[in-house]
Every structure is written in C-alpha cells, then in structure tokens.
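Before anything else, here's the structure in question.
Per-chain residue numbering starts at 1, and chain names A, B, C and D are given in the order in which the chains are listed.
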Amino acid sequence: MLEQLKQEVCKANQGLVDHDLVTFTWGNVSGFDPETELLAIKPSGVPYEELSPADIVLVDLKGNVVEGDLKPSSDTPTHIELYKAFPGVRGIVHTHSDWGTAWAQAGKSIPCSGTTQADYFYGDIPCTRQLTKEEVQNGYEKETGTVIIEAMQGKNPVEVPGIVVHGHAPFAWGGSPEDALHNAVVLEKVAKMTFLSYQLSGELPLDDYVLQKHYERKHGENAYYGQSK
Amino acid sequence: MLEQLKQEVCKANQGLVDHDLVTFTWGNVSGFDPETELLAIKPSGVPYEELSPADIVLVDLKGNVVEGDLKPSSDTPTHIELYKAFPGVRGIVHTHSDWGTAWAQAGKSIPCSGTTQADYFYGDIPCTRQLTKEEVQNGYEKETGTVIIEAMQGKNPVEVPGIVVHGHAPFAWGGSPEDALHNAVVLEKVAKMTFLSYQLSGELPLDDYVLQKHYERKHGENAYYGQSK
Amino acid sequence: MLEQLKQEVCKANQGLVDHDLVTFTWGNVSGFDPETELLAIKPSGVPYEELSPADIVLVDLKGNVVEGDLKPSSDTPTHIELYKAFPGVRGIVHTHSDWGTAWAQAGKSIPCSGTTQADYFYGDIPCTRQLTKEEVQNGYEKETGTVIIEAMQGKNPVEVPGIVVHGHAPFAWGGSPEDALHNAVVLEKVAKMTFLSYQLSGELPLDDYVLQKHYERKHGENAYYGQSK
Amino acid sequence: MLEQLKQEVCKANQGLVDHDLVTFTWGNVSGFDPETELLAIKPSGVPYEELSPADIVLVDLKGNVVEGDLKPSSDTPTHIELYKAFPGVRGIVHTHSDWGTAWAQAGKSIPCSGTTQADYFYGDIPCTRQLTKEEVQNGYEKETGTVIIEAMQGKNPVEVPGIVVHGHAPFAWGGSPEDALHNAVVLEKVAKMTFLSYQLSGELPLDDYVLQKHYERKHGENAYYGQSK
C-alpha cells in the first residue's frame, strides 16, 4: 500500500543525514495520505542507512499499525495529533538538530530577524509552553502534539511550518515529506543565524513590511521567485 | 552571446557551493559586459548542480531579458543598480552565508579588526540603513540597490568590495564574477573571525596605519604580495 | 587472547575519528573482560588509522602488561580505577572533544537542559573537583580515576555514563566499547547544545518529570523506544 | 639544494589545507637548515594544490633568494627574524586560522586553561603588543618578527611554540616543518576550546602543578607518553 508515499518518506528520512540534521537515530519523518487517512512513518531506532521503503510503517489516525513488521517511531502519537489538527500538512519532520534544539532548551521562540526566515516563516518560530507533569506522565507523545497545536493557535500552519518544543527540540512540517524536510533545514539555518545575531545585539526586530514582502515574494498570490511551474 | 561571460558566471555560481556560502538556492552571481551593457545572471530558483552556461540569462540595464529561456534571479534589479553606480565592477555576488547574515540581522557594520579584512577591504564592511515601507512596497529589489549605493557614498567600491544589507544578507562585488566570489568568501570569513573577537573583547580597533599597510601591500601601486603578473 | 574484545576496542578507537571526537592521538578507548579481569586498551601515541587489533594491549587490574608489544595508553591507570569501581562497565572512552573540554576547562557540570541529554543521562553530567597538588604529583592518572569516582558517589554509573574532569576533558563509559563510544558522542553533542542554550538564557532547568520520562522511555523496565530485541 | 627540506616544506604547506587552517593562500610554512643557514619557504600567492617541492624558494638570512624562480612569501622577513632569535627552531608556520585569529584580533593571550594546551605549551600562548606606526611603515614584516621575539623574552621557544600577533594572526614553530604544523593545529584547537570555556566562565585558571605535570608527561626528561623511539 501507498508505495510512493513510503518511498518519499524513506528518502526524506535519509535526507536528514545529508543535511546534517541528525546524530544516530535522533529524528524521524512521516508522510500523510488524506484519502486513506494513513501515516507512513520511520520505524523506531533503525539507522537511516539501513532504511528501505519496505521498512516504513503505515499507521492509522488512532495509532494502529496497518502495515509493516517494525514498530513505528515512538513519536508517532505527536505526528498523528498534528495531521489531525493541521489540514493541508502532508509531511512532518522531527529532529534534535543542534541550533534549533539550543533555542528549545532555552525555552525561547526564534524571532524573525531577517529575510532568510521571512522567506519561509510568516513571523517568529514559536516555542511551546512546558508540558505539565500530568501531560508527561499520561500520553507524553500525544500531549507533545497538544502543546504544539496550542502554540500554533491563531497561526496558519502553512505559513508557520515549524516550531520548537520547550526543553525538547524542533518539529517542522509541509505539503509533502520533502517539503517538511526543506523547512526543517531552514529552521536549523535561521536558528543558527539568529543565535549569532543575538550575541551581537540584544534587539533584532524586522519591520513587518519586510516580513510581508519577503514571505509574499515566495508564497503569495503574486509570488515571483523561481521559475513558473 | 557573451559565451565566456556566461561560463564565468555559471562557474562562480557553482563556486558558492564549493565555498559553503549557500543553502538550497539562496544566492546568485552575475557578471557584467561593459561593451554591450548586458548582465549575465543566474536564473531564479535553479539548483547550482543543474546549472549550465546555457541557463544563464542575459539582461539589459533596464531589466529586459535579452537572451535565455528562464526567468532571471529575482534580485536582478539590485544587481543592475550596482553595475550602474559602480564603474569598474564586473561581477556581483549575493548570498545568505551564516556569519555575514548574522551581522546583517544585527544591523551592524563589520569593524575592520585585523589584517585579514585589511588585506581586502580598506576599512569596515558597512551595513546599510533599513529600507522604508515605501521602498519595500515599491520596487523592493531596486531599492535594495539604492540603500547599498547610499551606504557606499564616499567610499570606492573597488576598495570596499562588499556590504551587509540591514535585516537581509551580504552582497560582494569585484572586477570579475570570480573576483566577486573571492570577496564574498573573505566577507564570510572575517564576519566569523570578528564575531568571535567581539565576544572576547568589546573593543576591536585596528590602527589606521596597519590597515593602510596591509591594504597597500596587496593592492597599492607598490604591492608586493604574490607573483608579478 | 580476547581476540573479539581487541577487535571491538580497535574499532571503537577508530570510531573516535569517524565521530570527529579526536585530533591527532588525543583519545583512547578500552574494553574490559570480567572473567579474566583484563583490560584491552589502545597503545599510547599510535595514530588511529595505523591501529590493528594486534596492537591493542592487554593489561591486568594492577597495571601489568599481559600481552602486547607496545606501551598501553598513559591514561591506563584511570581506566583501571573506573573498572574497579563501576561494576557492569565494560568500555571506557577518553577524548579531548571540543565542546566537552570547554565545559571541563570552565569547571562546570553540564546541566540536564533537554530531552537529548535525558535520553542517555539521568541528570547532569558532573564535573569533578580539581586534583590537589599531591594527587597530581603522585600517581596523577590513578588519582584522575579517584576524583571521577568521588564525583559519581551516589550516582549509578549505568545511568550517568560520563563526566568531565576539571581542567582536563571528558570520560564516558558503557556496557561495551561501542556503547561507551556512543555515550561519548552524546556527551559531546549535548555539551554543544547546552553551551548554545546557555548563551541564550542563564536559566536552563528541565523539570524532573520530563527527565524521568525520557530516561525511562529508553532505559526503564517499560522502555518503548527502538525495536524489541 | 636541500631537496629533502624542500619536500618537507612543500608537504607541510599542503598540510595547512588538510588541517583546515587556511583559506585561499592565507598561510605559509618554512623550514631552516642550520648548516647552510638557508630557509626553504613557500612562494607568495601560489595555491597549495599547485605547489611542488621545486617551487619552494631558498633564501639566506639576509633575505636574498639563493634558489628558485618565484618570489618567496611576503612574510619571509618575519621567518628570518625568528630563526635568528630562536635556536633549535627548524620550522615556522603562519596562518589566519579562525579561532587563533579571533584571539589575535581581540589582542588577548590564550590563557592555559586545560591539559590540552599544557601538553604542548608550557603556559599561556602570548599575544604580542601592537606594532608602532614607525614599525609598520619601515620594515613591517621584519618588525613583526621583532614584536614576537619581544613577547617571547624570558620564555623558551621550544616550550612555548606559538604566539598570536596583535591585530593579525598566529605564528607557530617547532623542531621541523611538520612539528611546526602540529603546533599550529594545537594552537587553533585550544584557541577554540578556550574561547568556548571563556563564554561559560570568566575565570579559567589551571593550577601550575597540573600544567607542569602535563607538559613534562610529554616533554620532560621522564616523559612517558607515546612509544619509546
């Protein structure tokens, strides 16, 4: 089932290594098929270089494994919550990439301080609140999804395609597994750049009109970046 | 037309990858031919590894595409402004390289703090002012050129071959596309070194006589660095 | 003797290079065989790329060379102290990796500031006290083991598989040479992440219930990360 | 003449690239032959990958080219001063490596903060004073040697095999070109580590007895690190 999606998910997981976003098996990518309402996700703890599309696990929105011999990523319940809450999202990436994790551990949103971020994120990359003791002890991974969704309230997940989870690490998403991987790379890159800027100056405001211009230059109705498709 | 220039521009664009100055397609190089008054520039959004000289777009100083099947870089109007204002400049590079962008986002010039910078830049690497709302909304890319030119007033573009644009990222230039690439590498390198120095000490003044000596050792009339040509 | 252990130790030593944990010969890995009570350890000053299992030196718990033509690592007495004090430990790694050494030189424990660390270390990565003049002058390497053991009092070495030695560098350990190498990589990674977080915020507390959850998710009785063995 | 020395110098220059110490041609290595009192040094401005032993220039202690078709490094007068002042030194390396240059630009000595530095440097890595206007304008490169020698007064160049020149960059030396390269790598590595430590804590004292122990473990009469020769 869903052979193409499994291939895309396998390839995007291996892309985590190519883009230097993971150590050992500290990251996972999933894809979502809206027709069957199934996720294709990385199996837990399997090295990326050993991964083939046949290893990708299919899971339904209740968390039941529908196809696959291996256990799905332990973060699967987080992915499920996000697919249920974010219409249009077809790929999700979770990593412990260095610079994004640094912001997560500091419990700080990444302020939109330049056009690099504005080209992809319509504003700050939010940081979630801390999970409560109850949330951690009862359905920890599901509740990780809950706090992400809470922090995204009032924001369009297509316009803000990533977040850092307090004390944990980044999640990014997009219109496909490849697109989510792309946004995870952007998140890590701007996490680094803005960390550095922040050491040079305590104030990093980007004017709203620059943010708007850059975001729309790439994503708005009259986008003019790149070749017409 | 201009086959050699297109080859040089193609090669310098690919050099952005070799020198680790770009992520995805976040950078572009152009070259200028003073006889025909045409720019050769990277097409928008095309990956560097797929680029061939035949893809390079020729554009006149009014922004009209004169040759090429692809759309030119969305930053073309910035390049045009710079070629019109900076006589002798034959190549321009724009990147979102990490350390240069950090200074741009902090809105700070890179102070000339050592001989590494003095070997190529006759003083600080300036940071432009912020664009106004009107400039961003009307002809944003052209006005990016305007603020660069404004910040370069009183300076010789041959002696100060690069700048950081406030809230955005670096531009560098030179006597050829290859030379502009060279200066973009220098800018990124000194952006890193001086960032680090700045964490160690809040004061980083280089005496004027050292600056003058080092710049002229490489570029003055009696330059004695390198082999005679 | 102990051919398999020597192979594992040789491979783990070469893994120091693959994981970018060493410069020149600044690191060593040993393994321990509980039946014979012998250590297999890297010879002193030999480059990793020239190392073969036949070069690995076998040493008893009194420091006598039992097999091998080369001198064992000058840090052998430290390894011996740790094997004697930490039951269950079968592999030890010592490196001067950049970020871990930075914490050691600052004389600071690495606070548990995120789930990356919590997945492997049940709390902070301790920093030892400074050695006294007497300890340095009489049996320096043995006493390095002493201060590690002292700093680990009240902690389970299986749950806290690494430390930084004040003014020196990291040691990590585990259930095998490979496992010790794995923990040395984790130590270096979290040393970097938490360094960065610490620049963004002076306070980096992780709630105890998150620490407990993450550690047990991977290591507790009901661990559910990875594939069942 | 001096074919072996030219080979060693060529190889050590190329080692600058392998150890990531140089950008473009920003570094040079020389070797000294005490019998003929000649230096073998890199030609100015030649890329390392194009360098062959036949390109290495032989220069006497007055700066006359004795053999070679190319101009010697513009830093040759600095090398000459150091060979004249430091008996036993047979190799010198100059680079603009990132972290060492950061300390040089900040005008600060690198404090001996850990055993990594103590293994090679018997104390701090000094920073020279600034050159005066007269020194810069008359015999700049020679006077660079003068301030290095001045900063080394009272120190043994064998025990303190490197320095950072104020507002400029590092020099390192040793018993051969290869040994000087080795010390340049160490200098860059401890420049990074101690930079990082310094961000974590404003105080980084290493006890003298640790310094002495580590230095002598490797270099003293009773050195016991490495294999006997």
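Simple rule for what comes next: a contact is a pair of C-beta atoms (placed from the backbone, for glycine too) under 8 Å apart; a residue touches a chain by one contact, two chains touch by 3 or more.
Only a predicted model underlies this, so the values are computations on that prediction, with no experimental measurement involved.
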Most remote chain, CA-based centroid, reference being chain B: C
Interchain centroid distance [CA atoms averaged], chain B/chain C, Å: 46
Gap in Å, rounded to a whole number, between the CA centres of chain B and chain A: 33
Residues of chain B engaged with two or more neighbouring chains: 199
Overall pattern in which the protein chains touch one another (line/ring/star/complete/other): ring
Listing of all chain pairs that touch each other, if any do: A-B, A-C, B-D, C-D
Interface residues, chain C side, partner chain D - complex: 23-26, 43-46, 70-71, 74, 96, 98-99, 101-108, 130-131, 133, 136-137, 140, 167-169, 195, 198-199
In the complex, chain B residues that touch chain D: 113-116, 182, 185-186, 189, 192-194, 196-197, 199-201, 204, 206-207, 209-210, 213, 217, 224-228
